[in-house]
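In the two complexes that follow, subunit A is the common piece, with subunit B as its partner first and subunit C second.
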Partner chain A sequence: MMNPVERAKQDWYPIGIVSDPRRPKRYATRVLGKDIVLETKEEGSLSVSCGDESWEITEAYDHIWTSPSQNPKPLFSIPEENERDRRFVPCGVVHVRCSPLRAVENFLDIAHFPFVHTDVLGSEPHTEVAPYKVNIDETKDEVIATKVKFFQPQAAKSANEGIVTEYIYRVPAPMTAILYKTCPNRDDVLDIISLFVQPIDEDNCAVWPWMALYDDESSMADMVEFQQLIFLQDRNILENQIPKRLPIDPKMEIPTRADLTSVAYRRWLKKSGALYGALIQPAEQSAE
Partner chain B sequence: MEFTLYDYALSGNCYKVRLFASILGVNYEKISVEFHPAAEHKSETMLQISPAGTLPILTVGEMVLSETQAMLFWMAKTYDRSGAWWPNNYDPMAQAMVLQWLGFSGDLTATIGQARLNSLFQTPIDRAKVVKCSVTALRRLEAHLTEQSFEQKKFITGVFPTIADLACFPYVALSGDVGTDPGLEHDSYPAIRNWIYEIKSLPGFIPMPGIFEMHQLKDHEADPTIRQVPEG
Partner chain C sequence: MMEPVSKNLEMATKQIKITGRFDDIAFRDWIFHRSAVLGLDISSLTYGQSSIIFSASGHSVLLDAMEIACSLGPSDAMVEKIQATDLELEQITHND
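Right, the complex of A and B next:
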């Protein structure tokens, strides 16, 4: 099997928002443990360099993506980006001291809602996750979890009352998770929230949430704030998880919660060798 | 609605006003401003409201305030009937002490506040230096609160809380957001821990991201020996 770093180099990673008024002309950041510079030229064109190497660059979903590979895997698709009535909301970046895989796994795990996002995305005693299905879509090579139903006091900024929300999760790349959820004010469409994760290194990541919502009421600031509030709650949990990397060997697990998607995600990572940020040999990482 | 607050949910400075309003039971209009990533507080529209280019902004009629210390003072003078939040006993020394620690709250924004923005959003700062100054500020407050406790005073300037406590509280409570650098953890500051507990016990207390209500305290905060989050 390919080594984890080589495997990770084949993917695209977010490093900025296309229209960011604050990004310096030469913006230094890190990806997969490498120092890189995103340069914005006078005429607006962008380039990424790592020492004297130049990295691939593309723009999608309001973000700037880069890849160290000359021949990266194609960037995943979100066909709903063409629905022009949606509001597209880049939510900025939040740095977290945890493995990039941890950030994705937490996003997939609905069982934490009542405890971490109390009275917003979940509440006690409605802690039960109804049985649902997880599949691996072999053609697209994605993890898909469908029909996850959950009671939410405030499913989105636009929700005026508690509703039973239905979720569909997609993991189209090891460090990207997309969810489709009930839109509080329409039954014919689903809202989209995704987490684009920039692997700073195996123990640190930067998370770029992005949303594509049907919401005519809320201001941009309100929608961004809602998402940032939720993500900051996650950050608190993520930074206290031990170990920092995501344990992949199923024998290491003590399954305490209904966590099907997370299990499928870990299996899929293992099968595809996407182990950058994973904890494979437990003896080597000591607790802090 | 008594006043308008231009607010950002993750800001410790904005939280000072939200917290005091909740304690006083005052209704106000809240307008969210996208501090990150859009930097809306630096936009033409917002600079016209407040040229300071910072959040929060409190407006009422013609008055526009951009300093939280002034906001807390105005709120205390306008809505606090107890006269305790701004010592109203014509004792210049008591008032001077409140002003002294309000000034210190500005140091906390410049140290822990800046270090936290760097941890969250990677804003460019000299991190090592700012973290060092953050620890110095925490030690200074710890020493002061320890002395206060010898005289049975639970708060910064006496037996009752004042606006100085509210001004200092957010960034002290949020120091864990900055990181695990030595000297930022509340575990090392028993007097600060007791003080945080007292503030969280005040009627009307509300949380913000990173500052939990008493009953929400995570296991690792209630008991620092527990740091493991269940896996799986």
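Right, the complex of A and C next:
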């Protein structure tokens, strides 16, 4: 199996928002434990360097992405970005002291909504997660969970009352999760909330949420504030999880049917060798 | 004095067949450890290089958790397929 660092180098990672006016001309950050600099030249072009190395750079979904590989895997597709009547909302960045894989896994976990996002994304006594479908799509090489249904008191900034929200989850890259959910204003489309995760190193990450919504009423500031509130609630949980890295062996946990997406995610990571940020125990320890 | 609470605990037995690429002895040991954690009884277990078949009995919810845990297995195991079959089902009434 490929070394986890070498495997991680094949992917793209978000490092900034394209239209961020506050980003300095030379913006220093870290990816995969390496110090890099995002430079904005006078004419507006961008480049990324890591010491003497030049890294690949691209722009997509309102974000700037980089990869250490000279021949990275193609960036995943979100076809809905072409629906121009959606509102595309980059929500800034939240730094979290946890493995980048933990951040993605938390986003896939529905069962925590009533307890962490109380009276917003969930509420008691509506805590049961109904059975849903999870597959690893071998053709697209991604995890897909469908028919996920959950009662939410306030599913989005634009929601006026509680609704049973239907979710579809996609994990098209190890550090990206995309959620399609019931749009409170229209029944013919789904809102999109994505989590793009920048791996600072194996124990630290920066999370860049991005939304593509049908919402003509809420202000941009309100939508960003709503999403940041949700993620700040998650941060408290994420930073206190033990172990900090994502265990691939469920030794210390008892996954149930509600956790099928997480289990499929871990299987897919293991299968593809995408284990940067994972906790890998030798077999003799995992049975102790 | 409080009335005794009656709970219906659904007990079951499942046969679980795991196929994939793994160290069969390490996976066997992992199954015994995991079933002890979940309070399940293993009644039979056979294994070869690419498959393990075992029967486990206990509370149906915990058997379900066993099946889900086995779909991941130990860190270095790659489970390709898992099949679970109900072997018997009985209802017992338990008074606390």
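Following the convention adopted for this analysis, the second predicted complex is superposed on the first by the 275 of 288 C-alpha atoms of A that agree within 3 Å, B and C clash if a C-alpha of one lies under 4 Å from a C-alpha of the other, contacts with A are read in each partner's own complex, and residues count from 1 in each chain.
Here, contacts are C-beta pairs under 8 Å (C-beta built on N, C-alpha and C of every residue); 3 or more make two chains touch, one makes a residue touch a chain.
These figures come from a predicted structure and were not determined experimentally.
Participant: Determine, under the contact definition given at the top, whether A:147 touches first (subunit B), second (subunit C), both, or neither.
Facilitator: neither
Participant: Could you say whether A:259 touches subunit B, subunit C, both of them, or neither, answering first, second, both or neither?
Facilitator: A:259 contacts both subunit B and subunit C.
Participant: Does subunit B (first) or subunit C (second) touch A:186, or do both, or does neither?
Facilitator: neither
Participant: With both structures superposed, pick whichever of subunit B and subunit C touches the larger number of subunit A residues.
Facilitator: The partner that reaches more residues of subunit A in the superposed model: B.
Participant: With both complexes overlaid on chain A, does A:248 touch subunit B (first), subunit C (second), both or neither?
Facilitator: second
Participant: Touch check for A:133: first (subunit B), second (subunit C), both, or neither?
Facilitator: Touch partners of A:133: none, neither subunit B nor subunit C.
Participant: With the two structures laid over each other on chain A, which partner does A:267 touch: subunit B (first), subunit C (second), both, or neither?
Facilitator: After superposition on chain A, A:267 lies in contact with subunit C alone.
Participant: Thinking of the overlay built on chain A, is A:206 touched by subunit B (first), by subunit C (second), by both, or by neither?
Facilitator: In the superposition, A:206 touches subunit B alone.
Participant: Could you tell me if A:25 is touching subunit B, subunit C, both of them or neither one (first, second, both, neither)?
Facilitator: So A:25 meets neither subunit B nor subunit C here.
Participant: Let me check the overlay on chain A: which residues of subunit A are in contact with subunit B and also with subunit C?
Facilitator: After superposing on chain A, subunit A residues 254-257, 259, 287-288 contact both subunit B and subunit C.
Participant: Looking at the complex, which residues from subunit A come into contact with subunit B?
Facilitator: 17, 20-22, 24, 29, 90-95, 97, 118, 206, 219-222, 224-225, 228-229, 232-233, 235-237, 240-242, 247, 252-257, 259, 262, 287-288
Participant: Inside the complex, what are the residues of subunit A that reach subunit C?
Facilitator: Against subunit C, the touching part of subunit A is residues 248-250, 254-257, 259-260, 263, 266-267, 270-271, 280-284, 286-288.
Participant: Spell out the part of subunit B that touches subunit A in their complex, as residue ranges.
Facilitator: It is residues 8-10, 31-34, 36-40, 42, 119-122, 124, 179-180, 209-210, 216, 218, 220, 227-232 of subunit B that touch subunit A.
Participant: Enumerate the contact residues on subunit C facing subunit A in the complex.
Facilitator: Checking each residue of subunit C against subunit A gives 23, 26-27, 29-30, 32-33, 37-38, 61, 64-65, 68-69, 71-79.
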